[in-house]
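The structures considered in this document are given below.
Across the two complexes that follow, subunit A remains constant while its partner is subunit B and subsequently subunit C.
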Partner chain A sequence: MKNLRFIIVVIILMIYNCMFAQKYGTKTGNIKFEATVPSFEEVAGESKTTSAALDATTGDFAALALMKGFRFKVALMEEHFNENYVESDKYPKATFKGKVEGLDVSKLTADAKTYTVTGDLTLHGKTKKISDAAKVSKSGNTITITGAFEVKPGDFAIEIPSVVSKKVADKISVTYSFQLVKP
Partner chain B sequence: MKKKGFIVLIVILVMIAAGAFFSYGYLYKDVRNISSEDASFKVPASKLISEYAGNQQKADAAYLNKTVEITGKVTQVTDSVLTVDSQVFCGFDVKPDAGSINKNVTIKGRVIGFDELFGEVKLDQCTITTKE
Partner chain C sequence: MKKFLLAAGLLFSVFTYAQDDLLTELDSTQVQDSYATSTFKGLQIVTLQSTKLPAAKEWYFVVSHRFGTVKNGIDEFFGLDGATTKLGGVYGITNWLSVSASRHTLLKMYETSVKYRLARQSADFPVDIVGYNTLDINTFLEKEDYPKIEFADRLTYVNQLLISRKFSDKLSLELAPTFIHRNLYDPAIENDDQFALAAGGRMKLTKRLSLNLEYGHNFDKPDFYKNPLSVGLDVETGGHIFQLIFTNSQAMTESGYITNAAGDWGDGDFFFGFNLYRVF
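And now, the complex of A and B:
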């Protein structure tokens, strides 16, 4: 009788564990964006300090990139990005809140599967709905999510002055890669 | 007369060269080197955390993009990141010494903002200045 009670407690604990210990996170996610026009100088920035969290039971996904954390090869480009375009003193972060549609962690393997990620991307004080196909894989305790999407500066009320508009692409391609681990 | 024209030509050439040199220097100036900059603030990590927890906008106005020196205890080491006092994330460009765990350190870095997802203040381009 005592033994049975012990087993029940263990089972309850295991279920509890399965239901609530499903948060995965990273603080060193990678986001790159590129707006290079062919035959002009490379326009690209990269953040290696993006935070992201995934609730594996619901598929809820959130990411937060600090704008100052984007680094460029050319110092002046970084300055223009921060001061003129994203105004990072006023809007220091970009956030994404969304969902990995139909995520089932038990079916994830080391081979990446494609899932649709939809959600709201907020930066420069403006929010836009984003949807893209992300590749999701899992090995051991790590869930890896990678993907790419395109945005326009105009979607976020960012004006590119006509002097440089030829050197900055109309569509900015953003790629991301997150290796989320169970804390 | 010929000589004068020659001098004028040289002066013009020197001016063009100088102009090109300075505009090139302006366009392609070096990116900031945080490790060689003097810190604008020297604060305990706990103070930075409490200021950000208290009023994020005010703290951003004071610290954002500034080079700071923080002191505290290293609570976690993962790859290129040291966490100080559990709540200050210090990103390194060069892999930090993993042996600094549980030690009191002073770290110089650039404040890039506050991360609400994990409740941490984030620094990048960090270097360890002193270690106990």
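And now, the complex of A and C:
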């Protein structure tokens, strides 16, 4: 009888555990980056297969993109990106692990509110702290997070050879958009 | 007491659970696209075709030179006086199919080719397999010299299977069984059908520089021809691929390169040249 009571407590705790971790997720998140210099060829890539997860109770947020999932207009540029710049075979993914500061899901509406997202961005084997504004909205079962930030290739030990340095911007602007759904 | 601890542990796990596992969970759901990429940088290793194909709708403009033999030294400026040229274009119809056409100075040859990918190296399959077929038209043969010549006599066919493997991000190797058929040949010295096995590879020296080597063993060649042995250096500069070459076979058509290698490395009788690719 004592055992049964214990089992019930464990089951309740496990259910609670599942409910408590209010996770929202996606596998089709969008990340775009652009390093185009005006009057030169467009240098931009886009991943439509970024996965991301948000814990609605704590505001914890994580995202993961495979480097080989970034698409470019020019196939040769995509090849060079993977082979020479981010070295996708050695460092296959980019990850972000952080927090939407002060997130309160109950106050989210269809009109986007601005929050600060801080966390660690890791790519090409290097990690950098990122903190920037993001817009968060919620309609039905979907939480949408969109935002933008800037990074420098040097922050992640990505070398830009001198022959092409004029054609690749010093600062790379990154925009993202995640529509996270409760599973 | 034990049970209490376990229950307390579980309760505690509620608070820690969400923290670290978000990323780990994502990790396990992502499927890695595992195809080997950039096995070779150029469409050719040296003169031999590599398993690289242009992407869909990509244009490659090709200019190649093979100079005369370096053997005669400064008299012929180490062969630069006897330059031969290949001018051509390659077009990717899809990511797995491309066509090309080129004109060669040597024997006033026109070469057309089709290249198609049959299999890709991935976690499930060990090699890239690409088919390559060429049709050469020799326009050097004059009607006055050969009054009975017909158009079919000018044709040479090459059928090649290119099998490559990227062993590491530096080393890639290729094997190429080759079957050559000529409509016009001299039965006293050679067969109309010739079989050869070619092999090549690249070793990256830096990110944008690689050393390439290739050799072809022709099983049916007459004695006075050699087997082609070539060494090259790939230099990559964004939209260009530049290949510097030393070879004992001056021809740039697939058939001529494998069957008519006239130079001899041992005698210092070899040719300098380069391939230049511009991608549009």
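Basically, the second predicted complex is superposed on the first by the 163 of 183 C-alpha atoms of A that agree within 3 Å, B and C clash if a C-alpha of one lies under 4 Å from a C-alpha of the other, contacts with A are read in each partner's own complex, and residues count from 1 in each chain.
As a working rule, a residue touches a chain if its C-beta (ideal position, glycine included) is under 8 Å from a C-beta of that chain, and two chains touch if they have at least 3 such contacts.
Nothing here was measured: the structure is a model prediction, and the numbers come from that model.
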Checklist entry - With both structures lined up on subunit A, is it a clash or a fit for subunit B and subunit C? => result clash
Next on the checklist: For A:Lys152, using the defined touch cut-off, is the partner it touches subunit B, subunit C, both, or neither? Pick first, second, both or neither.
Outcome noted: neither
Next on the checklist: Which partner chains sit in contact with A:Lys107 here, subunit B, subunit C, both or neither? Use first/second/both/neither.
Outcome noted: neither
Checklist entry - Counting only touches as set out at the top, which of subunit B and subunit C does A:Ala53 meet: first, second, both, neither? => result both
Checklist entry - Which holds for A:Lys68: it touches subunit B only (first), subunit C only (second), both, or neither? => result both
Item to check | Partner, of subunit C and subunit B, that touches more residues belonging to subunit A | outcome: C
Checklist entry - Who does A:Lys128 touch here: subunit B (first), subunit C (second), both, or neither? => result neither
Next on the checklist: Quick check for you: in the superposed arrangement, does A:Lys171 touch first (subunit B), second (subunit C), both or neither?
Outcome noted: neither
Checklist entry - Where does A:Pro92 make contact in the superposed view: on subunit B (first), on subunit C (second), on both, or on neither? => result both
Checklist entry - Can A:Lys182 be said to touch subunit B (first), subunit C (second), both, or neither? => result neither
Next on the checklist: With both structures aligned on chain A, tell me which stretch of subunit B collides with subunit C: 1-9, 19-27 or 73-81.
Outcome noted: 19-27
Checklist entry - For subunit A, which residues lie in the overlap of the subunit B contacts and the subunit C contacts? => result 27, 51-53, 62-64, 66, 68-69, 75-76, 82, 88-89, 92-93
Next on the checklist: Looking at the complex, which residues from subunit A come into contact with subunit C?
Outcome noted: 6, 9-10, 13-14, 16-17, 20-21, 23, 27, 51-55, 57-58, 60-64, 66, 68-69, 75-76, 79-80, 82-84, 87-90, 92-93, 95, 97, 161, 163-164, 167
Checklist entry - What residues of subunit B sit close enough to touch subunit A in their complex? => result 26-32, 60, 64-65, 78-81, 89, 91, 110-118, 120, 122, 124
Checklist entry - Where on subunit C does subunit A make contact in their complex? => result 3, 6-7, 10-11, 13-14, 17-19, 22-23, 25-27, 29-30, 32-33, 37-38, 54-56, 58, 169, 207-208, 237-239, 279
Checklist entry - What residues of subunit A sit close enough to touch subunit B in their complex? => result 25, 27-28, 48-49, 51-53, 62-64, 66-69, 71-76, 78, 82, 88-89, 92-93
